[in-house]
Each structure stands twice: as structure tokens, then as C-alpha cells.
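Both complexes below contain chain A, partnered by chain B and then by chain C.
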Partner chain A sequence: MNSTIIQFTQVTKQYDNDPPVLNDVSFKIERGKFYTLLGPSGCGKTTILRLIAGFTEASKGEVLFNGKKINHVPANKRQVNTVFQDYALFPHLNVYENVAFGLRIKKMKNAEVDRKVKEALSFVNLKGYETREIREMSGGQRQRVAIARAIVNEPEVILLDEPLSALDLKLRTEMQYELRELQRRLGITFIFVTHDQEEALAMSDEIFVINKGKIQQSGTPIDIYDEPINRFVADFIGESNIVTGRMIEDYKVEFVGKEFECVDQGLNPNEPVDIVIRPEDLEITALERGKLQVRVDSQLFRGVHYEICGYDKDGNEWLVHSTKKATVGDEIGLYFDSEAIHVMRHGETEEEFDRRLEAYSDVDTNGK
Partner chain B sequence: MWIQMENKLTKNLYLFPYLLWIALFVIAPILLVLYYSFFDIEGNLSLINYQKFFTPVYLKMTFSSFWYAFLITAISLLIAYPTAYLLTKTKHKQLWLLLIIVPSWINLLLKAYAFIGIFGTYGAANSFLNLMGIGSQQILFTDFSFIFVSVYIFIPFMILPIFNSLNELNPTLLDAANDLGASKWTTFRRVIFPLTIDGVKSGCQVVFIPALSLFMLTRLIAGNRVITLGTSIEQHFLVTQDWGMGSTIAVFLIIIMVVIMVVTNTRKRGV
Partner chain C sequence: MDKKMTPLSKLFLLVIFFILYAPIFFLVIFSFNSGETMYDFKGFSLEWYRELFQDTRLLIIVLNTVVVALLSALISTIIGVLGALAIHQAKKRQTKNTLLSLNNILIVSPDVIIGASFLILFTMAGIKLGFYSVLLSHIAFSIPIVVLMVLPKLMEMSPTLIDAARDLGASRWNVLTKVIIPFIIPGIFAGFFMALTYSFDDFAVTFFVTGNGFSTLSVEIYSLARRGISLNINALSALLFLFTMLLVVIYYFITQRNKVNGMGVRKH
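And then the complex of A and B:
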């Protein structure tokens, strides 16, 4: 109970008469974890952060902080600090004064301010940059100043709005490690926004996948990657092969005109479903040994693996990640385990999905 | 090589009209003013004008010029800042801004005469006071009317630069200040005002410098009760024909203006 720090209950946010930006969103954030809000541009990620920070108010529903309703609490009275997408550092103040801003407002003694600012700056590896002007800092350094400015206030929650989007790949990866490490050291709750799925998978304890103002799925990176709830999530997180199919009976599914064994059960007989198979779960083998037969259309060398794209005789596209090379134009067999088949019901809500998963993990344990 | 030379040549050619303008209409008049300031009323070379400037009469005039210019600037600023701020919050801000700017296109004399009508003994202002039961007052030819009209005339020039700097302010900075615990007032004091100080400075320049040398209004609205350096220059050139003394005052006025520009132009910092 006490571990929940932020809770949204049926929050809707609507501007004028536009369709709602957030539609009936409910979730819980636990203390001390790293959360990621993941979704395409315009899906409402920033809006969720703004509601938590207090820059806008919900049209409907409740926002709870430590169990208390905070819908009308102004931003400056909230125990939350934000790292803005464009950093929003004060251009008229130097690095030191930017970081000290929140402390000075609390009328903290100078010696104390000095101690905390220095500590925060060394936390983000910016010792010695105190007297620099903001315009003299690089993008990555500015971002760290923004983080220092947030953590120095020792808030219970830090909100980070795509803080890494402006950085080059190398610095970005570096900062991902640093941020995750920082969160562990501080032990405070991070809510991190990104539209980069790899970043989300690498950093989070928990991911919320959002689309069109609704949370599609929440869970650990592994849960979401392995058990996407619907086409959108499967497609958005990682690369995947999605085809339509039909559940014949428990443990038996039909797609591309063939019958396959699978591990899913609890669906209605003959229910139409979507089938997901991850490219790395497909294995290249001899034509006759494969469960699927495809003609290789193109091949790209990706460094770690080859990305092979082929079409079966029905015209479905199959993406394969393999360390083995194929020849363009050849017909090859693709083999996969029955666990690699992931079955998604149409229009299943997150609760129904979780219940179904739970139901058959019970069966599994009882069976053993 | 040849092309480079040609480029340089055309560049100088483009610069030429500008330089000619500066030489004819800026440098030459200043030199002329400086030249005339060294002649007394009989046309003899002397420094008497400069001695005269440091007599109580002229020092008092300088002081009163400064005082009125200061009042006009301060009052304009006090009204213009909140106005500009509210303007940036309105929906059709460019339209509202235009409405405020338009009066500044009307000739200054025209506006002055309009105010003579309004503030006169039988004008609109006094009929209103009569209606309120206060009775007619002497409004025209007072300090009040002088400052009121001056502020009215100068205020668009104060609003414009302040509006621009407020408009350029990144609104996330205000969220950021708010996020770090700053109340509305603290945000204003620590973020908004420091970041718009350049707009305030150029607004003050644009108002203070012309206000220093106002002369038409002093006669029309203040009835010569207010004597500024501007009035005095006009009198020396047109009435007493003491061009030397007029030029000397002008020299001091130019020096003061340059000093003000330099002092208020400490370069801005920022990203």
C-alpha cells in the first residue's frame, strides 16, 4: 500500500472540443522504481508528465500523490521535479545558479546551498563547471545540468521528458547507463518518457506502452517484449512478424493455412486471433525441415546478425534475424519452437489478458 | 583574384550611399553644432557659452529636463510593462499590439492640439469633472497635463520592445521555475524580469532620450511652465538668435545621450 506514490484513476484530459488527449487512464507508480512511458509522437506522454508536475489539470478523474488527491495543488507545491525536453535551463544564470535555483527559493542557508549544489554537480560528473554560462555547455552537459537542477531538491519523483532525444548515439547510450545508475543510487522514482523502444527496454523496471491517449500495456520489459497484448504493442516494441490466424482448440492454432502446436489455451474454439513470431525466433533450415517455406527477397548485414526478408507463397512477409547467411532468390525453410508462437486475441483489455496469462501459469504449475 | 577585387569594389559601392548619408546628415551637423558652440553672440571666438552653461540658470534647466524625462520614462515603464505582459497573454496579441501602435503614427502636433481641446476649460475632461460634482479645474498648463500627454505619446515606444522580449521568452522556463518551487511573483522577479531587461532598457532609451529634448509640448501643454533643454535650444535659435549658446546646449545634450546609450547598452547574455 505504502509503496504506491502516484496513482491516476480514470483520468481524462481534453482540450476544448477536440477528442481527448488522454482517455480514461488509470495506473499506479511505485516508489523507487524506474518507469518508462513509451509511445509514438502525440500519444499523450508529455501530457501525463504535465498532469503529474501540475502544469495542467485533468478534465476528469483523480491524480493521487501519496494517497492524497492533488488535482488542484499548484506545481510549486508538489514534491516532483522535471527534466524538460528542451532542458529549460535559465539562460541568465550560470551552471551553479541554475542548480541552486530551487534551494534559493526554499531560502536555504548559503553554506548549505553550496554543499548541495557541489554534491549534485559531482553526481552528474560536472565538477568544476560551476561558473560556466549555459550557452558555453554542450548538449550532453546541459542535460546533466538539468538533471542536477532536479535532483538537488531531493524530490520523491523525477520526471524526465525525452531527455536524451537530442544526443548522438554514443552519448545517448552513455547517458542511459548513467541515468539508470543514478536512479539506483538515489533510490527515487524516475518517470522517463521516450519514443525509442530500445531505450525503454534497456532502462526500465516497468514500461507503459501508450497509444492514442490510452495505456495499451504495462509490465516489465521482458513481459512486454515476450507477451505483447495486441498488434500495436507487438509492432511498436521490437520487430515482429504478425499474421492473422485461428485458434482451433487449446494448444492448437492455424495460420498461413497450416496447423501448429502452441502453448496458448483458454480461448474459444475457432476464435480469430493475431499471431506474433519474433524474427530472432525463426531459424533457417533446409526447405523440407522448415515449418514455413519462404523465398528470400532481401538480406541486410546488421553487424550482429543478418536481417533476412522473405515471402511465403501466400505473400506474407517474414523477417528473420539469423547469424547464418542466406542467398537472395533461394527458397528456404524456417523452423520455430511452439513457444515462439504468441497468440493475441482481438480487442482484449489488459485485465483480461493478465487473467488469462495467470490462469495458464496456474495450470502449468498444477500440471508439474 | 580579379573577382575578389570586383567583389570588394561592389561591396564598397553598396556602402557608399550609407556612408554619404552618415557624413551629410549625422557627422556634418554635429561638427557644425560643435563649431558654432565656440562663438559668442557677437560672433567672436570664445568659451563664454561653456562658462554660461555652468551657471545656476542652465544647471537648473538641465536638472529639470532630467527630472521630467525621468518621470515620463518611469511612469511609461510602470504602465507599459503590465500592459505588454497582458498583451502576450491575449488570444489575438498581434492585433491588440497594432491597436496600441497605431496612435504613434499620428502627428505629434495633432495629438497635442487634441489634448488642448480635451483638457481646456470647456473641454471634455472638465465637463466630466463638473458632472461628477467636482467642478472645473485648471488642467492645461500644469505639470500633470504635461506628464500625462508625454506619457501618452511615448508609451507605444515603451510597450513595443518590452512586448517583443516577453513574447520571445520560452514559456517552458516559467514552467521550470514553477516546478522548482517558485511562486508567480518569484518567477517574475527571478526569471521573467531578468530575461526581459533588454527590452526594458531599449524601451527606456527610446523614451528617455527624446523626452530629454521635448520642446513643443512644453509650450502647448505645459504653457512654458516647464523649461527643458529642448525648449531652451529652440528659444536660442529662433528668438534670441544666440546660435552659440543654443549649440553649446545641444553639445551637452548630445554628450548626455551618448552616455545614456553606452550605460544602458551593456550587452545581453543568454543562449
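And then the complex of A and C:
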């Protein structure tokens, strides 16, 4: 069976003569997975969602659903349902009628409607709230009603447009678990839009990182966190230390005026590169044992760890996450493994990047 | 009000309201006069009311007025709602503002000018002056009012509501009947009642466009008053006043319900 459910081929969306909101975007979405479109506001992620839902049409390119072109299919004829950022619940209808809305449109029999609505409401833990008015519900409850209203139609894909952004932190974390759990139980495709990288990492099977109308990188949360393709992704996903460097030869890289061993190969000799080291990969040690020497500038207690900010003698900023405490003003050494160094080529496309990564694993398996 | 009113401001308010309402009450009180003049109250009687209800000509005029008011309010509400929907859906900001300005000009322009221009239009178009000319002109000047009452409700509605309804499979007709209309219904009612009162007490426009054999209350009272004061005008005015009060009360209850419904519609 073909597992692809939605496919974009070279889709561009442009309003009048403004720069395109989406620029030549292609991707595939597989059945039954949890996808996240992640990016800063105005990057085009919501536009992708609106194209799938049918609220807007592509200027160029094809949108395929189950292998059929749906560019001109109106929103009410599509097998997808959306959970909106502001929930968009109908204020003149109570909880029950809100959930039943889609079924009533389909002219389903009352008994059937009743069974499905009750089932959907119990799915989102809102049993017994049927006769409540929307204005009597809290933010989190409205959220659940919106989800119930989407799932009751048994769509193949559910689109979620930043549905958690209006909730407070505790409720948001709770809903992250619930949404993930819900997706597993339903076994349908979720496409989730967010600008919150933690949310994306915690919930997704697959993440698309989007910036300026282009997909920067796609992959599992671990891939994207560990192997960011460029400066933007590295910076947007988690905290990171990014410095410029030079690839001397395979397994040897130079930055901050020193040479280091690394695990990357296959680049041109002396190619200029960007180096990423995650703050949690940096370890505080004695000055002379450290690969880097920095002066501690500030320190914040973050609960799980200390966030220490220091500068080396060239003025590069280094962020360290450590459970050990440092003293502001002290010089400390920073140690890291060679695997912690992540090398990013300038202007590398996703295909080139993937090929390079694959080449590594080939070498690894052949070498052993 | 946060601050308590001082006795002086209470007194001021009382005086102002007295000045505003005194002529009306004066009129109403003398409608119960058994005498025939407005300056000499001889005793209580319902004579003028009896006379009023025996005057079939006047009763027909009352009926005319009510029919014109109801019909014009109904038709202008339908057209006005459609107009408000069209203005709301205009994509370009400029088109929207132009349409809205054209609408507002009709509200602020003097009745005399509207009446005169309708008179010219009807005579040029060869429409006989009478019931239909009055009805048409009343519909015309009520539409902008309805638009103005409905449009804020439409603006208040979050556009995602429409997206959500489409998303759930609703056709354009379904969206209109199941989402938009229920949402703006308080505005529609308010518009209807405003149109009703405007039509009911319009004098200037009706005066221009009415013809032989057809008259509305305001025009009739005007001509009666010119002929000489008879106290059955007072009786009629008293009844009119009562009716208007009733409309205000109904309008009040509609806006009250509106407030309750409006809560929690949108998160700010």
C-alpha cells in the first residue's frame, strides 16, 4: 500500500507582487505519523496548512492527496479537519452541537450523531459537558472541544494550527502528552504547526523546519537536533554555540585558532565551515585540561542545570549547560568529545547533506 | 458609575429630564381633558379617545403607517443584511471604505434633500405617488441604518469561524445560514427595530413623496395641526408615544440578550 497521503510538488504561494510566502516547496507526508511544521512567525508554515485544508490555493505547483491533485477542491470537500489557533468554536452552539456540526452537515441520522459525538467527547475526556455553552468552558476545555469537533468526522488528516499557544505552560505540557497519545490511539496523520521548538521535539515523528518560505531541513527530532543542516536550524532548534571554522582535511577541523579532531569527512580541504557545539556537550574542567579556555561572564540557575556564559580570548561567546557551578570572573577550561563537534557546510542543500551523512555511516560500517 | 452623585447633579438631571419630557406629558394630560382647549383642564374624560377610534379615516391612516413601517423595515433588513455581507466580504480595503462612506452619506444627508430627490425621481420615472412611492422611499432610507447596525457584528466575528465551518464540510449556503446569520442575529434585530422606528416617525421624506388619498400619521398630524388644534391629536400622540416606548423596551431587551450572547465570543 502506498503510505504517502499528502504530497507537495514544487508549490509556490505568492500574493500579488510580494515576495513568495512559500517558494518551490516539495515534500511528502506519510499516513499515521505525527508531523510538525516548525518555524518562526511569517515563515510560511501556516500557509502550508491552509493549502492542505483548502482555504487558499497554490500559485504554482501541485498539492496531491492520496495521489489525486486537489489544488482546486474546495475546503468543504476535503478529507481533512483543522484545529484552529483560536479554536473557532461556534459561540451560538453548545458543546454537543459544536461537535455535531460536521455530522449534521452530512445529514447523518440523529442516533448516529449522538453515538459519535458522545464517543468523541469521551475521547477528549469531556464526558458530561454536552450541554455546556462555549463561554462556560476554560481555555483547555475549549481546546478539547475543538479537537473533538475535528476527530468526530473521522478525517484521514488532522491539521493543528498552533493550538497550544493560548494555554499556560503547565496546561500546554499536559496537552502535548495528550495530543501525542491521541494521535497514537487514532492512528491518523497529525500535522502540527508551531514556533515552539521544545513542543516540536517532544511530540513529532518528523519535523519540517521552515524559514523564509523554504523547508530548511526535515527529519526526526533527534536527527534535526544532533545534525542541524545550517546556522538557522542550529540556532532555532535548541541553544547552540556557533563559530566559523575551516576544514583542514578529513577528521581535522580548525576553529578559534586551534586544531581539533572531529568525525566529519568528505569535505574539500581548507573549506570554510560553521561549527556547532551544543551547550550540554561542553563540560567544565580545570583550565589546563580544557580544549577551550573561557572567562565566565555570567551564570543563571535554570533548575535542572546552570547556564553559564563565558568568552574566550578572541571574544567568542560560549554557552555551557552544566550541573556544576562556576564562579563568575574565573577562567575555566571546557572539554568536549570529538563527536560533539558538528560541521556545517555553507549553502548545502538537504539532499547533499543527507548524502554526506549516509557516506559517514557507510564508512563506519565498512570500518568495523 | 463609581462616584456617588451629589444632590446638585441629581437635581440638574431631574430638571433636564423634566424639560425634555414636560411637553410630551402636557400633551398626554390634555388628551384626557373633557374641555376643548389646551389651556383649560376641565375634567377627566376619554371622550377624545372615543372620537379617535370612531374616526375611521384616521384609523386607516394608522394602519397605513404600521403597514409601511413593518414592510419597509422587513425589506430593508433583508437588503441591508445582504449589503453588510457584501461590504464585509470586499477584499480591498479601499472598496470597503468607499462603500461604507457611500452608506454613511445617506444617513447624514438631510431628509428634505432625500425627500425632494425621491419626488423628482418618482415623477420622472412615472411612478404614481401613494403607497408604493412611500414604501420605496422608506425602504431606501432604512437600508443604510440596517447596514450600520449589522456591520459591527460581522466585524466582531472571527474569520476563522467561517474557515472552521468550511473545514467541517459546510457549503457557502450552510456557512451563511448556520454560522453567519446566527452570529449576527442580534444586529439584524436591532437593525429591524431601528428601521421600524425611523419609518414610523418619518415626516420629511413622506411629506414629499405621498400623494392623494394616502397619508401616514406624521403627515396627517401635521395637516391636522395646521387646520386648528383638536384634542384628538393629543389622544393620537399619546398612543404614538406609548407605542414608541414599547419599541424602546423591546430594543432594550434585544440588546440585553445580545450582551449575554456576546461574552466569550472572541479572546482578546
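Assume the second predicted complex is superposed on the first by the 367 of 368 C-alpha atoms of A that agree within 3 Å, B and C clash if a C-alpha of one lies under 4 Å from a C-alpha of the other, contacts with A are read in each partner's own complex, and residues count from 1 in each chain.
To be clear about the criterion, contacts are C-beta pairs under 8 Å (C-beta built on N, C-alpha and C of every residue); 3 or more make two chains touch, one makes a residue touch a chain.
The structure presented is a predicted model; accordingly, all values stated were derived computationally and were not measured.
Enquirer: Overlay done on chain A, so just call it for chain B and chain C: clash or fit.
Expert: clash
Enquirer: Check whether A:Phe84 is in contact with chain B, with chain C, with both or with neither, and answer first, second, both or neither.
Expert: In the superposition, A:Phe84 touches chain B and chain C alike.
Enquirer: Using the touch definition from the top, say if A:Ala166 reaches chain B (first), chain C (second), both or neither.
Expert: Second partner only.
Enquirer: Taking the superposition as given, does A:Leu287 touch the first partner, chain B, the second, chain C, both, or neither?
Expert: Touch partners of A:Leu287: none, neither chain B nor chain C.
Enquirer: If we overlay the two complexes on their shared chain A, which of chain B and chain C does A:Arg135 touch? Say first, second, both or neither.
Expert: both
Enquirer: So chain A touches chain B in one structure and chain C in the other; where do those two contact lists coincide?
Expert: 53-55, 74-77, 80-82, 84, 86, 88-92, 101-102, 105-106, 134-135, 149, 153
Enquirer: Applying the document's contact rule, which stretches of chain A touch chain C when the two form their complex?
Expert: Going through chain A, the ones touching chain C are 53-55, 74-77, 80-82, 84-86, 88-92, 101-102, 105-106, 134-135, 149, 153, 166.
Enquirer: If you look only at chain B, which of its residues touch chain A in the complex?
Expert: So the residues of chain B in touch with chain A come to 170, 172-173, 175-183, 186, 190-191, 194-195, 269-271.
Enquirer: Considering the complex alone, what residue numbers of chain A touch chain B?
Expert: Chain A residues touching chain B: 53-55, 74-77, 80-82, 84, 86, 88-92, 101-102, 105-106, 133-135, 149, 153.
Enquirer: Can you tell me which positions in chain C touch chain A when the two form their complex?
Expert: Counting only chain C, the residues touching chain A are 158, 160-161, 163-171, 174, 178-179, 182-183, 261, 263-267.
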